[in-house]
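Each of the next two complexes has chain A plus one more chain, namely chain B in the first and chain C in the second.
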Partner chain A sequence: MDQILTNTGYLFQYPVLNLAFIIDGIMIGSLFALAAYGLALVWGVMNVKNLAQGDFVIAGGYCSWWLVKTGWLQSIGLSDNAVALLGVPIAFVVMWGIGWMTYKLIITRVIERDLFTSLLATFGLAIMMAQILNLMFGSDTQSLQLDYKTYSFAGGFINLPMAKVIGTCMAAGLAVAVIIFMKRSRMGQAIRATAQDSRAARVMGIDTEKVYAFTFSLNAAICGAAGAIIVMVWVIQPFYGITYSVRAFVIVTAAGLGNLPGVIAAGLGIGAAEQYGAHIFGIGYQQAIAVTLLLIVLFFRLLQQRRKRQALN
Partner chain B sequence: MNIKTTMLSMAAVAGVAMGTSAAAMDCETITLGAAISLTGKYATNGVHAQNGYEFAITKIKENGGIMVDDQCYNFNVIYYDDESKGDRGATLAERLIQQDGVQYMLGPYSSGLTKAIAPVTEKYQIPMVEAEGASRSLFNQGYKYLFAVLSTSEQYLASAITLAAEKAEAQGRAASDVTVAIAVENDPFSLDIRAGVMEDAERYGMKIVVDEKLPRDLSDMTSILTKVKLVKPDVLVVSGHSKGAATAVRQIGEQGVKVPMIAITHCEAADVVGNFGENAEDFLCSTQWAETLTYEDPIFGSAANYEQEFKANYTEYAEKTVPYQTAQASAAVYVFKDAFERAGTLDKDAVRDAIAETDLKTFYGDIKFSEAGNNIAKPMVLRQIQDGKYNVVAPSAFASHEVNWPRN
Partner chain C sequence: MSKNWILYIALLAITVAAPFLFPSYTAFLATLWLFIVVAQAWDMTGGQMGYNSLGNIFFYGTGMYAGAVFAIGLYYNVGEWTDASRSEIFSFTAGQYYTGMVVGIIGAGLFCGLCALIIGPLFFGLRGPYFAIGTLGLAIAAGEIVSNIEWLGGGQGISMPHSPLHPDFEKVLIYFLFAGLGVVLFIFCKWFYSTRFGAAINAIRDDEEKAEAMGIHTLRYKTITWAISAVFVGAAGAVSAFQLIHFEPLETAYQTINLGIFMVVCVLLGGKGTLWGPVIGAILFHVFKEVTWNYFLGGQWVALGLLIVIIVVFFQDGLMGYLKHRRPEWFGIKVESKDKEAAA
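And now, the complex of A and B:
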């Protein structure tokens, strides 16, 4: 208890801490939001709750890491930094391909089945992906250290490591690109139509099978890009996927399906809330805070809906 | 890839063994059993341990095998892959004992797996010498058949506290003025480390200013580092396996955290020097064993000699330092050899009693077991990363270099 009071005291004693936590929270949240974003798509459009979400993230991370370590691109004169940054779009493309194959092999067979089947299938997929990565790359933790500077402000309390800033910008760029794509392009419209009512969409001549394949590939690609950013700012290991799966589920559940900007907002919010929570209660309670927030959101939503129902009566 | 290299290396060992079998022609075989993590999250270290077992078996064979009552024997190990899962480990231990008739066991990798297997070996009264389970909680269960050659986990970073006290006193401050920040993962191994650090800090009357438990799925520790910047401790202790080590080294560098002494575990496993270069400078890293130590024995020679010969046999280690996980696995096999020879019989209870009375000097350090079965003769070693190299700086009896203090 004393600890909690002292920690809260610091927030008032050094107001700049608040800014530091919010900035860190946004940088962290943006990466979680990216994985959640893909999940919201797949969940909303195909009604598949993809438990292998985090493993796609990790696979994307390994894709970029491997690219830097093999040194092929360095041999034509690119620096390590450039290859790592290039790893993000490359991971996007590679994971697109893997996502498409996964769809054709597995997801297409479970999509019309009940919830339990798709959960089991993606759970199995998650286990398999982790083990395949483990056999391919070993179980050591890996990361890419870019040689960028850290900029410090406010007496060293606010730190902006360039790698993290670049990662956040890339995540934001990708999110914006996907939102525009969903709003403007024909395929985006088809995806939204399928999400609303797949039968009606089919009647209108939309090839829903193609839409599903596209959506799932897009999800894998977004996760891949997120992983390629994560390997630059944190560490990856074949079995760390579950962290991202859990966060993605919490964020999507809190934001609601089909609400893509909401997913981003929830992601950033959870990032910041976790930073505050970790400071006040201790970092061990970080995830508990995210889940408590989710409960509160769900509770309020329930209340809201009840009120709506009464109004309708 | 891993599996392939393992198979290759096993083939290499087999080749070496064949070359020497002429000398050991009429030796019989003693079969040991081991469930070890060859796949799953502990696969890397599981394979390190297996290589250590196999290397020791080859070396013992080259040196004339094990002489029990004027009959010569060689070791052979039946391995099963426990997939890094406790329940699987326990099942495989049953299978080794019940179906394969194994009478003596070598340990698995990690405290968790050892904890899963020990009740089984205990039930069947099968002596197990383990080399990779350091948790203190393994040795307060009253197990009679479990022996560990390595130092228990509460000792991992405790020597950093002693070192900090020495430095403070050299500076004319009281040791009790030293403040300590602790951030350890919430698992039995890291909590043991925390307990050890707390005990030593209490002994000196030091104040613990940060005491955080890292979640298992930690990805970012900036909030702890911000707190560390606020309270400015003299010592920062971090333990969270490879992930904790990598995250700590990277983010302490990124955030420009200035603490005079930072001690962490798993530096080698996370390859903090290779991955983070400059950022890893002056970190203190705990280790069970280092090839620069002055230990030696008649089978493996000196610690440096062990490293050299091991690298010659297992070429995949040529570019890196031989991990201590490998060295201690070899030491465990050596303990069995010594115990069989002293027991003078293959009876498992006699062998168990002989193991309990072990008092052995090895390339890995001295080995002598307490009542509880842990090794009380070997200290933990603290190395500091200096110009990208791991140099032994504590305890002072083994130090080859002065500690850089304060850091930065």
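And now, the complex of A and C:
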């Protein structure tokens, strides 16, 4: 308890700490927002709640990590940093393939079923993916040590590693690309039409099966790219997936479906909230905070609904 | 009816005789009964009431910790006990051990029931997938938080007192505790589903709005049902604590992806919303699990994940659902035969 009070005291004693936490929170939060956007997409279009979301993120991270470690691309003269950056689009493509396979094998069979079915099926998928990654890469935490510069401000309180800045910019770039794609392209229009009313979309000649497969692959690819960015700056481990899934659920539940600015704001917010929580309660509580936030958001939404005498479903 | 009684007595006789007939499988059979208890308890809310919880493992873990705290707390300070962690300063006499065990198991059950009564009103506003995700979050959060509480041993967990019995006899004792719990739960469920209360929770599953319109106080029924199932899961958790001797929070007590998901899969495999489904499902699943554990070592988790996906996607009605579909007359459902239909 004293620890908590002292830690909270530091925040007021050194106001610049707040700035450091917010910057860090925004950087990691932008990646949470990406995974959450993918979840909202799949949820909204095909009404599947994907609990394997976090495992796609981790799988993308391992994809990029493995690419750097095996050293094939280094042998043709690329530096580690360049390979890590190249790992992001490669993870995007690889996870696209894995997402497509997952869709064809599993997801396509659960779309028309009740929601618990898709939840449990993807939970089984999550266990399977985590274990396959564990068998392939071992259970140690992994990270890429890239030799980018770190800039320090405000007497060492704010550390700004270049890798984090690059990662955040890539996340933002990917988000913008996806948004433009959804707004402008023919496929993006078809996806939005299917989300609004899949039956009407079919009547209008949209091949909804194709749209579903495309959406799920796109979701897996976005997650994979986010994972490849995460491994550049933070650590990954085969069993970290579930916390990313939980965070994605927190964000989507808080923001609601189809509310893109809300997803981004909630993503950045949960990033910052976790930084503050880890500082105040200690680093051991970081996972607990992510999950507790989910419960808080659920109950808050519940209270909102209860005022309208409705349940959250 | 008399035929059924013979069946039940025969099963009871097998239950009692099993650990003496197959002494080397006693631990396996004890775990099997644990699976039956948690699966049957999950089915009370999941199958009969339509609230699919992914976080019933919360009660299992809480029961484990509550059992340990009650048993140790009777005689010693729990904080000092976990600090010393299994040193010989603290010792339990045989009398103390058994008193602690009884108090621990009953106390853990009641404590978990109380937990369910408190959190029930919060969670039962959540419907369908939100309920599943919310309870899953509860279980994960509880595990993470408990692993940070030093008084409960933190991430190291708690070591239980040494048993005064020879390990072989201890195994048999644990087996009978689990089996007793399972038999009591089964008889209770058989009675419970035939009461008005059982009919009410089935009505909630079929259409909650209509049930409420018919004057059923749904929240009260839901919370009480969850609390009853929590009592049994919590007691089973406390027995597990005595069985395992040492347990830690994330992998053993709040084992979200092991037992937490297994209990759901057992029920789905056997058939949701039936009395025998969870029992049969637990037996099938446990045997499958042990076989994969022995023969696919390393890949066993992948095999289990695959099994979950396959069951959920292709075989969701479970064995009982399949039989009900193919042999409705076994369940007392009369079907007009096709010839009669054609004649009419």
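Convention: the second predicted complex is superposed on the first by the 266 of 313 C-alpha atoms of A that agree within 3 Å, B and C clash if a C-alpha of one lies under 4 Å from a C-alpha of the other, contacts with A are read in each partner's own complex, and residues count from 1 in each chain.
In this section, a contact is a pair of C-beta atoms (placed from the backbone, for glycine too) under 8 Å apart; a residue touches a chain by one contact, two chains touch by 3 or more.
Note that the structure is predicted; figures quoted are calculated from it, not measured.
Novice: Thinking of the overlay built on chain A, is A:174 touched by chain B (first), by chain C (second), by both, or by neither?
Specialist: neither
Novice: For A:231 in the superposed arrangement: first (chain B), second (chain C), both or neither?
Specialist: So A:231 meets neither chain B nor chain C here.
Novice: Return first, second, both or neither, reflecting whether A:21 touches chain B, chain C, both chains, or no partner chain.
Specialist: So A:21 only meets chain B here.
Novice: Per the contact definition in the header, classify A:161: touching chain B only (first), chain C only (second), both, or neither.
Specialist: It touches chain B, and chain C stays clear.
Novice: Check the residue A:143 against both partner chains and state whether it touches chain B (first), chain C (second), both, or neither.
Specialist: A:143 contacts chain B only, not chain C.
Novice: Would you check which partner chain A:131 touches, where first means chain B only, second means chain C only, and both and neither mean what they say?
Specialist: both
Novice: Between chain B and chain C, whom does A:278 touch in the aligned arrangement: first, second, both, or neither?
Specialist: Only chain B is touched by A:278; chain C is not.
Novice: Once the shared chain is lined up, is A:45 touching chain B (first), chain C (second), both, or neither of them?
Specialist: neither
Novice: Between chain B (first) and chain C (second), which, if any, makes contact with A:240: first, second, both or neither?
Specialist: First partner only.
Novice: Is there a shared patch on chain A that both chain B and chain C touch, and which residues make it up?
Specialist: Residues 131, 134-135, 242, 246, 282, 284, 287 of chain A touch both chain B and chain C.
Novice: Where on chain C does chain A make contact in their complex?
Specialist: Touch list, chain C to chain A: 52, 54, 122, 125-130, 132-134, 137-138, 140-141, 144-145, 147-148, 256-257, 261, 264, 268, 298-299, 301-302, 304-309, 312-314, 316.
Novice: Within the complex, which stretch of chain A touches chain B?
Specialist: 7, 10, 14, 17, 20-21, 24, 28, 131, 134-143, 145, 150, 152, 156-157, 159, 161, 163-164, 230, 234-235, 237-240, 242-243, 246, 275, 278-279, 282-284, 286-287
Novice: Show me the residue ranges of chain A that touch chain C in the complex, using the header's touch definition.
Specialist: 49, 106, 109-110, 113-117, 119-121, 123-129, 131-132, 134-135, 242, 246, 249, 253, 282, 284-285, 287-288, 291-292, 294-295, 298-299, 302, 305-306, 311-313
Novice: Hey, which residues of chain B end up touching chain A in the complex?
Specialist: Answer in residue numbers: 1-3, 39-44, 183, 186, 212-215, 217-224, 226-227, 229-230, 242-243, 246-247, 250, 253-256, 269-271, 275-277, 279.
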